[in-house]
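Below is one structure. I have some questions about it.
The chains carry the letters A, B and C, assigned in the order they are written, with residues numbered from 1 in each.
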Amino acid sequence: MSVATASVPTSRAMPTGASLRRNRRWALWASYFFLILFAIFFLAPPYYMVVTALKTDGEMAKLATNPWFIYDGVTLDQFRILLYNTDFLIFFKNTIIVTVCVVAITMVVSVLAAFALGRMRFWGSSILATGIFLTYLVPDTLLFIPMFQIVKSIGLLNSYWGMVLVYPTLTVPFCTWIMIGYFQSIPKELDEAALIDGAGHMQMLLKIFIPVALPGIIAAMIFAFTVSWAAFVYPMAFLYSSDQQVLTVGTVTSLIRGDVYKWGMLMAGALLAAAPPLVIYAFLMDYYIAGLTAGATKG
Amino acid sequence: MADTVQTWGSTVPEKAVAKPNKMQKFLRQRSTIAFLMCLPLILIIVCLVIYPAFYSIYLSMLNKAQTRFIGLGNFTFLMSRDTFWQVVAQSTIFALSAVFFKALIGLVTAHLVNNLPAKGQRKWRGMLLVPWVIPLALSTLGWWWMFDPTNSAFNYTLRSLGFDGIPWLSDPYWARFSVILVNVWYGAPFFLIMYLAALKSVPEQLYEAASIDGASAWQKFIHITLPMMRNIIAITVLFSLIVTFANFDIVQIMTAGGPRNMTHMFATYAFLLGIRSGDLPLGAATSLFMFPILAVAAIFILRGVRKRGREIG
Amino acid sequence: MADVSLRNVVKKYDDVLAVASINLEIPNHEFVVLVGPSGCGKSTTLRMIAGLEEITDGEIEIGGSVVNDLPPKDRDIAMVFQNYALYPHMTVAENMSFGLKLRKFPKAEIKARVDNAARILDITELLERRPKQLSGGQRQRVAMGRAIVRNPKVFLFDEPLSNLDAKLRVQMRTEIKRVHQKVQTTTVYVTHDQVEAMTLADRVVVMNAGKIEQIGTPNDLYHHPATRFVAGFIGSPAMNFVPATVESNGEALRVRLSDTLSFNIPESRAARYKPHVGKQVTFGLRPEHITETRGHHNGTGQEFNAVLDVVEPMGMETMVYFRINGTELCGRVEPTAAGAANEQMALRANLDHMHLIDPATGLVL
C-alpha cells in the first residue's frame, strides 16, 4: 500500500508548476518500475514454459547452462513428439467436442432463462434469480463425489459425454446471472416498440434482445468456453481411459509415464492446451474482462 | 398502399371475436411462457445441484460398500483422525493467506496501472491478466517444473546467487509455501481486474473536490477510494475465499497432498478417500465439511452484491 | 384510420388508482393531446390504448371494435416513445421496416412505404445509418417514420419531444403538426408541456390525479377553463389567484381582494355571480390582463397601484410581480412602461377576462 501512495503525486508539495510536474514524472517512473517487477512475477512461469518447450532434451539433461535461456538452438522436436507419439490430439478433439457442446447448451439455457427473469416477472422469479447466484457460488469440489455416483448410475462414467452433462452446472448459473444484467440494461421501451411492431416473445428475443445484448452474449460465451476448457476436478474423477480424456487432465497425467518426466514435451503440451483460451483472450480481451467483472456489478 | 392496409386491418376484429379457450389463454400468459423459458435452467439446478447436494448427505451416512446406514459414523471417524485436522488447518491457512496476498497484490497493481497514462493501461492490464487466462491445471504443471529439485529453474537461480537450493515440494513447510505461492500468482490478476474496474467507477469529481479541500494522496485513498470500493473489495475477497478454500488443481498436481499429508486440502483429501480409495461415503462426508464455511461466505456475498447493485443502479 | 373511444376506463395498480373512469371520444383524423402534471395518469391512459397496460375496468374501442383483450400488435396502432426506442442494431431503414417485415409485407411494398415516409420526414439520406450516428432530432424523425410506414389506425405519442433541447422542440413541434396535416391519422399525444398541447391539438384533454378535468379546443381551455386546475395549468405564466369576497354595491357587484382594493364586476357577469354575494371566492386573472395604464386598452379596465417586488424583462414585454394581501401576482406590461423594483406602478386590470372560482369545489363559477 505504501507503494500505491508513493506513486501518486502528492498535492502537499505544490509550490511551483515545475516541481509538480517533476513529482508526477517521478511517480510515473515508480509505477513503471514496480509494474515491471510484478510483470516478471506474473509472466515468468509462462515464459519458462515456452523456453522449456523449445529446448532439446540434450540441453535440458546437461544441467550446465542457465535454464532460463536456450543455448543449443530452438527446436520444435518436443511438439513433434507430442503430436505423433502421444494421445494429445485425442485429448484435444475430446476437449473441443465437450467445450462446443457445453457452450451451446449453456447459451441456449441461460439466454432463455435470463430473458424470462430479466423481463417477465413471474411468481418466484426473484427467488429463482437468487438461487441462480447461490448456485454459481457452489464450487465443483463440493459435489463431485455424489456426482460420481450419479454419472456412474446413468452409465456415463469414463465418457466425455458425462462432462457435457455436468459442466453446465459450472457455466449456466454465472452466464444466466450476467445475461440478466445485460438484458435488464436494455430500455423497456425497446420491447414495447417491438411489441407494437408485432413481435412475439421469441421474435423479440431473437431479433431485438440477442442482437442488442451481443457484447454480453459474447462475454458469457467466453466465460462458458474458458470454464469448460479448464475444468479439472470432474474429468480427474470421472475419466480414466486415454480415448475419453480431456486436455487438462490428459496433459498432467497421461503424458507422464511412470516417473519419467519428459518436461519439454509436457510444457509443449501445456502450451498447446492453453493456447485456445489465450488466443480468445488476446482477440476478445474487452469482452473477456467485461464478463469477468460483470458478476459483482450487475444484477 | 391503402388497399393492403384495408385488407390487413380488417382481420383484426375477427380475431377479437374469437374468444380463446382457457388452455390457450394459460399458454399465452406471460408468466407461463416465462416459466417454460426457465424450465431447462430449473431442471439443471434441481437435477445436478440440489439433488446431488441432498444425495451427498445421504451418501455420507452409508458405510464404504454403501450397504448399511451408519448415521454420523463417517463424520465421527474423520474427526478422530489427525490427518483430517491437518486438512482443516491447511485449508484454512491456505485460503486465508492466499486471499490476503491476492487482495494486497491486486490492490497495489490496480493502483499502479491506474496511475499510468490511459493509452498504456490496456496493454499492461492485458499482460498482467495472463496467469488468470491459462487453465490452472496447465500453469500448475509449469510451476511444478520450475520447482523441480534437480533441474529447477528457481534453485539454479538461487545457487548462482550463492544461496542453497530449496526443497520446494519435498519439505512439508516449503511445499505449503509453494502451493500458496502458485495460488497467489494465479488469483492476484483477478483482484487486479476487479479493483481496476472499481477504481474506474469512482467519479473523478470526487478526487477533484478532495484536492480542492486539500486532501493528500493518502487521505484521498483512505477517504474516497477505499469507501467507494469497500463493497467490491468485500465481494471479491469473499468470492475468492470460497474458490480458494475449495481449490483442487494446484495441490492435486504438485504434491497430491504430500509430503506427509501436510498440503492436503478438503478437495484433494475427499478425492483421495472417495475416488482413489473407493470409499465414496467417506469422501462425501469430507466434502460436506466445507459446506458451512462456504454457506456463510455465500450469504455475505449475496448481501454485498445486492448492496452494490443498489449503489450503481 | 379510425375513431377511438374510451368508456369508463379504469386502471388500478394493486390498490392504487392510476386512472379513474375516463370517458373520451376521439373522432377520425383528430389530433388529441392529453396533458397534465406527472403522475396524472395521462401516460397510463395512452399505454392502455396501445395495449401495453391491461385495463382494470371499462372498454376501449378502436375503429368500431373493442380491443380490450387484443395484444398491441393486433390493435393496428403505432407509437412514438420519449426515448425514441430505436433498435440500436438496425439501420434507419431496417428500423422503419421492422414492423412491416414481421407482418409479412411484400418487399416492394415495404420499400415504397419506407421511401415515402423518408421523403415526408426528409430523412432519405439517413436511411442506411444507425441510430447511434443520428442527432436527437433525427432520431425523433426516424421514430415518427417508423410509425408512418405502418399506416396505422392511430398514432400514439408518449412525450416525444421532452428529450430534445428547447430550440429543437419548437422545430419538431411544427414538424409533427405538418406530418399530421399530411397523413391525417387519428393521433393521441401525451405531454406535460401545456404549450405543446395548445399548439398541436385539435382538442386538449387536461388530466389531473387520474381524472379528466376538462376536454376542449385550446381556445376553449384558455378562455373558459372549467376548473381552477385547468385555469392554473393552461397559460404561461400561470393565472393569478387571489382570495376574495363578492360584495353587492346596489345593482352592481364588486369583488374585494383586500381592505384597500376591490374591482367592479362587469355588468355582463353580474347575473352569473349574483348568488355568490357575501361568499368567499378565488379571484383569477391572467397576467396578460394586468397591464400598464397607458395606451390602447379599452373595455372595463380598472386601475390600481402596486409596489413592484421583482421586474423581469423578457424583451417584447416585461413581467412585473407585486403583492396583494400577501399573495403574489404577475402582470405583463410594455417594457417602456415598466417601473423598477420597489417602486410604485399604476396598473390596469381588464376585468372582462376575470374568473371567480369556488374554493371548496375548485369549479369556475
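As a working rule, contacts are C-beta pairs under 8 Å (C-beta built on N, C-alpha and C of every residue); 3 or more make two chains touch, one makes a residue touch a chain.
These figures come from a predicted structure and were not determined experimentally.
Of all chain pairs in this entry, the one linked by the most C-beta contacts is A-B.
Relative to subunit B, the chain whose mean Cα position lies farthest away is C.
With centres taken as mean Cα positions, subunit C sits 57 Å from subunit A.
Averaged C-alpha coordinates give centres for subunit A and subunit B that are 12 Å from one another. The residues of subunit C that reach two or more other chains are 103, listed in rising order.
Across the complex, subunit C is touched by residues 187, 189-190, 192-199, 203, 207-208, 211-212, 214 of subunit A.
Listed in rising order, the residues of subunit B touching subunit A in the complex are 30-31, 33-35, 37-38, 40-42, 44-45, 48-49, 51-53, 55-56, 59, 104-105, 107-109, 111-113, 115-117, 122, 124-131, 133-143, 145-146, 148, 150-153, 156-157, 160, 185, 188-190, 193-194, 197, 201, 211, 214-218, 220-221, 232, 235-236, 239, 242-243, 246-249, 252-253, 266-267, 270-271, 274-275, 280, 283-284, 287-288, 290-291, 294, 297-298, 301-302, 305, 308-309, 312. Contact residues on subunit A toward subunit B in their complex (touch as defined above): 1, 3-5, 7-12, 27-28, 31-32, 34-35, 38-39, 41-46, 48-49, 52, 60, 63, 66-68, 108-110, 112-113, 115-117, 119-123, 125, 128, 130-135, 137-150, 165-166, 168-169, 172-173, 176, 201, 226, 229-230, 232-233, 236-237, 247-249, 251-252, 261, 263, 266-267, 270-271, 273-274, 277-278, 281-282, 285, 288-289, 292-293, 295-299. Listing the residues of subunit C that touch subunit A in their complex gives 50-52, 71-73, 77-79, 81-83, 85-89, 98-99, 102-103, 146, 150.
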